[in-house]
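By letter and in written order, the chains are A, B, C and D; residue numbering begins at 1 in each of them.
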Amino acid sequence: MAGTADNRARIGVLGASGYTGAELVRLLARHPEVELALLTADRRAGQEMRQVFPQFAPLDLPKLQSIEGLDWLGAGLDLMFCALPHATTQKVVQKVFGELPAIKVVDLSADFRLADPAAYARWYGHEHHAPELQRQAVYGLVEVYRERIRHAHLVANPGCYTTCAQLPLIPLLKAKAIDPDEIVIDAKSGMTGAGRAAKEEMLFSEVSEGFHAYGVGHHRHMAELDQEFSLAAGREVVVTFTPHLVPMNRGILSTIYVRGAGASPEDLHGILARTYGGEPFVHVLPFGAVPQTRHVRGSNMTFIGVVKDRVPGRAIICSALDNLTKGASGQAVQNMNVMLGFPETMALEQVALFP
Amino acid sequence: MAGTADNRARIGVLGASGYTGAELVRLLARHPEVELALLTADRRAGQEMRQVFPQFAPLDLPKLQSIEGLDWLGAGLDLMFCALPHATTQKVVQKVFGELPAIKVVDLSADFRLADPAAYARWYGHEHHAPELQRQAVYGLVEVYRERIRHAHLVANPGCYTTCAQLPLIPLLKAKAIDPDEIVIDAKSGMTGAGRAAKEEMLFSEVSEGFHAYGVGHHRHMAELDQEFSLAAGREVVVTFTPHLVPMNRGILSTIYVRGAGASPEDLHGILARTYGGEPFVHVLPFGAVPQTRHVRGSNMTFIGVVKDRVPGRAIICSALDNLTKGASGQAVQNMNVMLGFPETMALEQVALFP
Amino acid sequence: MAGTADNRARIGVLGASGYTGAELVRLLARHPEVELALLTADRRAGQEMRQVFPQFAPLDLPKLQSIEGLDWLGAGLDLMFCALPHATTQKVVQKVFGELPAIKVVDLSADFRLADPAAYARWYGHEHHAPELQRQAVYGLVEVYRERIRHAHLVANPGCYTTCAQLPLIPLLKAKAIDPDEIVIDAKSGMTGAGRAAKEEMLFSEVSEGFHAYGVGHHRHMAELDQEFSLAAGREVVVTFTPHLVPMNRGILSTIYVRGAGASPEDLHGILARTYGGEPFVHVLPFGAVPQTRHVRGSNMTFIGVVKDRVPGRAIICSALDNLTKGASGQAVQNMNVMLGFPETMALEQVALFP
Amino acid sequence: MAGTADNRARIGVLGASGYTGAELVRLLARHPEVELALLTADRRAGQEMRQVFPQFAPLDLPKLQSIEGLDWLGAGLDLMFCALPHATTQKVVQKVFGELPAIKVVDLSADFRLADPAAYARWYGHEHHAPELQRQAVYGLVEVYRERIRHAHLVANPGCYTTCAQLPLIPLLKAKAIDPDEIVIDAKSGMTGAGRAAKEEMLFSEVSEGFHAYGVGHHRHMAELDQEFSLAAGREVVVTFTPHLVPMNRGILSTIYVRGAGASPEDLHGILARTYGGEPFVHVLPFGAVPQTRHVRGSNMTFIGVVKDRVPGRAIICSALDNLTKGASGQAVQNMNVMLGFPETMALEQVALFP
């Protein structure tokens, strides 16, 4: 339990038995500057990670522990990832900061994403349990908030749908290049976005060979979209957003319909190409080309394409990422790299697994 | 080769080795009032249908023939379905009408769908080869043109994407209940819509576990949409339409974004519920519910749902059908039933195959 | 609640909210001689079938009821299907026979498949609750026991894996054409065979894009195999049997390795071709050809192929069926047709849905 | 075209537009000791790799070239991978060795796998074009031939099915622990094993939602199995082998039925556990556990499980690997690492991508 001889950062993953937890372990296991020092999974406490995710059998990993009664001081973590169910994170983070004030936290839940306590209460139906922490939390969209993340102690890792929509839209809203009142986001996600909880509607036989929308007209991810789009536009923005489920494991494609505000589709493409020219994890395709989710599978990349619609003044933007990587755990590791001063791309260089 | 002793209508399927051809055979094989008298497939001529589609092995079906040199008089067909590649149908139909003036034709290609020869030439890049037939052709959306179809000799069976979008939108445009300038159709189709031709981009390993848009900003189905929507609205309508490919075999889901013109989302739902209350193949779900493609798989049903968007004045409409059944061969059989005076639902009563 | 004016048989489906229940409703809804008079589903009691399986929305079906407290006399059923979880059927059937002695029952569970009470107790770990009924039950493999089924009151519908293996092997064992000590059955099933219960290992993301064996070395279906193979061979037969899960919804393929006992692979094919020449639901392919599950999807067909192995004396037999149709509910309807004197193929004529 | 300033080995990939070519590029792009200096693809010559495989868009890779007219001296390769169609490799390798005698070659085709020219001619229907090279070629199953590979100039990378079957069976045959006359290998592969050539039977709609065997009774991989199993057993071995296609992209599971020769199933497990205890890419599961292909997806691991059958004396062995990684390109990189003196696991440490 004491320290290791090496200088690697000691990292914990809370909630390692879920999909985002497993994806964190997959990425961190190959990170040369960190050591996986703590893995928790309440219902699987006492088990080996290989019993929960057999792909880790060849690796030497710590046993799964319960959060309850954990010796935080002994764990001596430099940073922990929280991949816990919604609303359970707030109290855990509060307690850990109490015992280990110097620890850094990347939270993958929605608990700290909304800066406004009133918005949180409205969308989630209860008061926030740790409003003082919410005030300190930095929204972890690295391409937008890199400098603030560098000095943050608590980073709220963005949602998968929101990352996919924000990366193309925030630069366009900042540039006032599109009409904020005419944005339609039609999003399609793979099934891992729904998590590993056993629900009838997520069974293979319910999901394969079919397609449908859900949460139509209202979906909690909208709160994050509203917040960040309004900040970018400097005015209130409310978009139309419809999520769908695709019979595949990984990937989100957002098809986004916008109307240029004095800007042509080519102009919009130019803004995105300039914004992301130096970014390692956002790739803007040539004008007129569109991305496919399979080409970012397992990688931390976002691919963005801009196409001219035949309706004058309108453009169609497609944005693709892997919901478990750039949409969750990959972006979380990217945040960690920034927070701990490692090269931002470290352990995130894997090329997509296609086919 | 002469007539059979029974009174069943003699039916031909041209292009029986493709997916819509096979779907026609599947449905017609159980139709009590017809006899499958002729099957053609140029490249597979001389073979048995079971060699091309083994599921038909238990059935007694005519051998596949080549169209070239066919004895049309001897075939003595009452009606034929053309499931041929685009632009090959025009001359075939011309020739057959020359030899068998009383034959009726349901064409599943796009060849006769556009009433305006100029529109045809613009979208397809060449003059129509049989403009006099194009003038006689009736657009085969039964729910809209049932009476004209009853007396038609040549019916142009609508496209799969267009059927899925027209069924919900035509009644709303006719009622002037939505703004014709703000329609966005985000459509997702299963892979059988791409046909059976061997193309790299349709291989299993290219398609599974991924999602993407194609034909963004321009797609030939738009021509049909323009025509029928403009007719319904009484003015020119140009919609935004984006097709996507889903890693599944069958099904189309269209997510349609509209703005009410003095009509609430509830009003739009009411119009659709009233329009389709007596229709056997269109089912309008309760307000706020959305359909799934899997629940219409293999059936001739269209399921439609209407939901209120959180953006004031906007509604989201989801429409689902099986692209091979109501989107192609099922609708073609429905047209045949109307044209030959059979009960419209005959051989189309199958419930969806789910799971 | 009294009788209907018509003469159709009154049918009940117990356990209508599971997959085999839904498949029964799909098939029976189009059966011209029966009326769906009762549907039960304990956890969904009071709901409409469309809430549990939306594909039935266009049909007029009775509400789901709870078995508890059912008025069996009032229901006045001619025949009921039991699609209940294992070990719950025995007491229900006992009770119903007490109230409606003339009712006929087709049970889709494993409860009445084993004729020997000792075998039942050994495989299932408890004494049978209704041993007197077990003695009356007829094993419902129609192609083998048709005459006994015609007069049965209680039919134990065979399991999906066992049907798929028994149809090719029983005739060969009866003819003493293969060595009973060298049979290896490597079986692969679609996911619907696992039912609709929400289990983590059946989630889409756990199952898609992967393949594995389960129950290796021991599996309850083996008890049925032992019983019927031993009866056919006239001596004890114990086979090697390994089930696997395929990322697809429907279908079982059994690859069966046998050694001829004085019979060549061609001889084995000849025996099967002769045995099944007149059977409507078993199709033996030409020698050397092998079946695919997709070509029997949604149909009641079994396709069987026989191939010569390069190892002298050995043959490889492939057998394919749809686990929900011929492997469960289709065979159950076939049993009903025999028990009630309807044409055996009635409501089972659908051609497979491919693609 | 000249050299780079660094000391990295210059590597070529011939046939980079196929799936094994892309997998090589995926792995090599992150290998710190090599430089991808040459990529060829005859039909795509002149294009960028990103046009053929968009996932590589963020990488800086050489343009695709044609083999015809290549300046081999100028290319100055240290090692080249041949991922070319069968029978085209022999002449290419002959020519390249003529111009660059010091080059090392890892061939992923079947061209150099059979040591016996007569066996080659019998299985492939023509004389070998480079018999003198065939004599020098080393069979590249690293776990068996590591020392010979270390000094080889030409390595024949084993086939995917054969790797999956040989890793568990060779140690057992060497130990004379199983009966060589009673081996049945029932193998199931994902679709990428069929390559990227556009064939009707590999279309998504033909393959998804179904399962079937192919090449039953005869399959070219058998030649490799015969050769290596006979070498291991010290006598002629002919096994029964049946390949099947699974609707998934990656993975092979072999279910292998054996009879112990004086060895219990536990003994067989012990032999394998001891043989592979120190191997980085073969993991033997605890006795009685079986592997799943999804847990090795994208990794270079082979997982092996041994289970006791209920038939006395028989054991069932399951072996799982990713056909594109350990079954092809991963093993090829492993061979390269051995041939060039790099750590054997370099660039192959990725954990499987699951879910």
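Definition applied: contacts are C-beta pairs under 8 Å (C-beta built on N, C-alpha and C of every residue); 3 or more make two chains touch, one makes a residue touch a chain.
This one's a predicted model, so the numbers in the text were calculated from it and none came from an experiment.
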Neighbour overlap between chain B and chain D returns A, C
Relative to chain A, largest Cα-centroid distance belongs to chain C
Distance in whole angstrom between the CA centres of chain A and chain C is 46
So, in whole Å, the Cα centroid of chain A is separated from that of chain B by 41
Here the gap between chain A and chain D, centre to centre from mean Cα coordinates and rounded to Å, is 36
Among all residues of chain D, those touching at least two other chains are 19, 190, 192, 205-206, 208-209, 247-250, 291-292, 294-295, 297, 354-355
Contact graph of the chains (line, ring, star, complete, other): complete
Chain C contacts chain D in the complex at 184, 186, 188, 190, 205-206, 208-214, 216-218, 222, 238-240, 242, 244, 246-251, 253, 255, 257, 288, 290-295, 297, 307-311, 314, 316, 318, 320, 354-355
Note: in the complex, chain B contacts chain D through residues 19, 190-192, 194, 196-200, 202-209, 247-249
Counting only contacts in the complex, chain A reaches chain D at residues 19, 22, 25-26, 29-30, 53-59, 192, 208-209, 249-250, 280, 283, 285, 291-292, 294-299, 301, 303, 324, 349-355
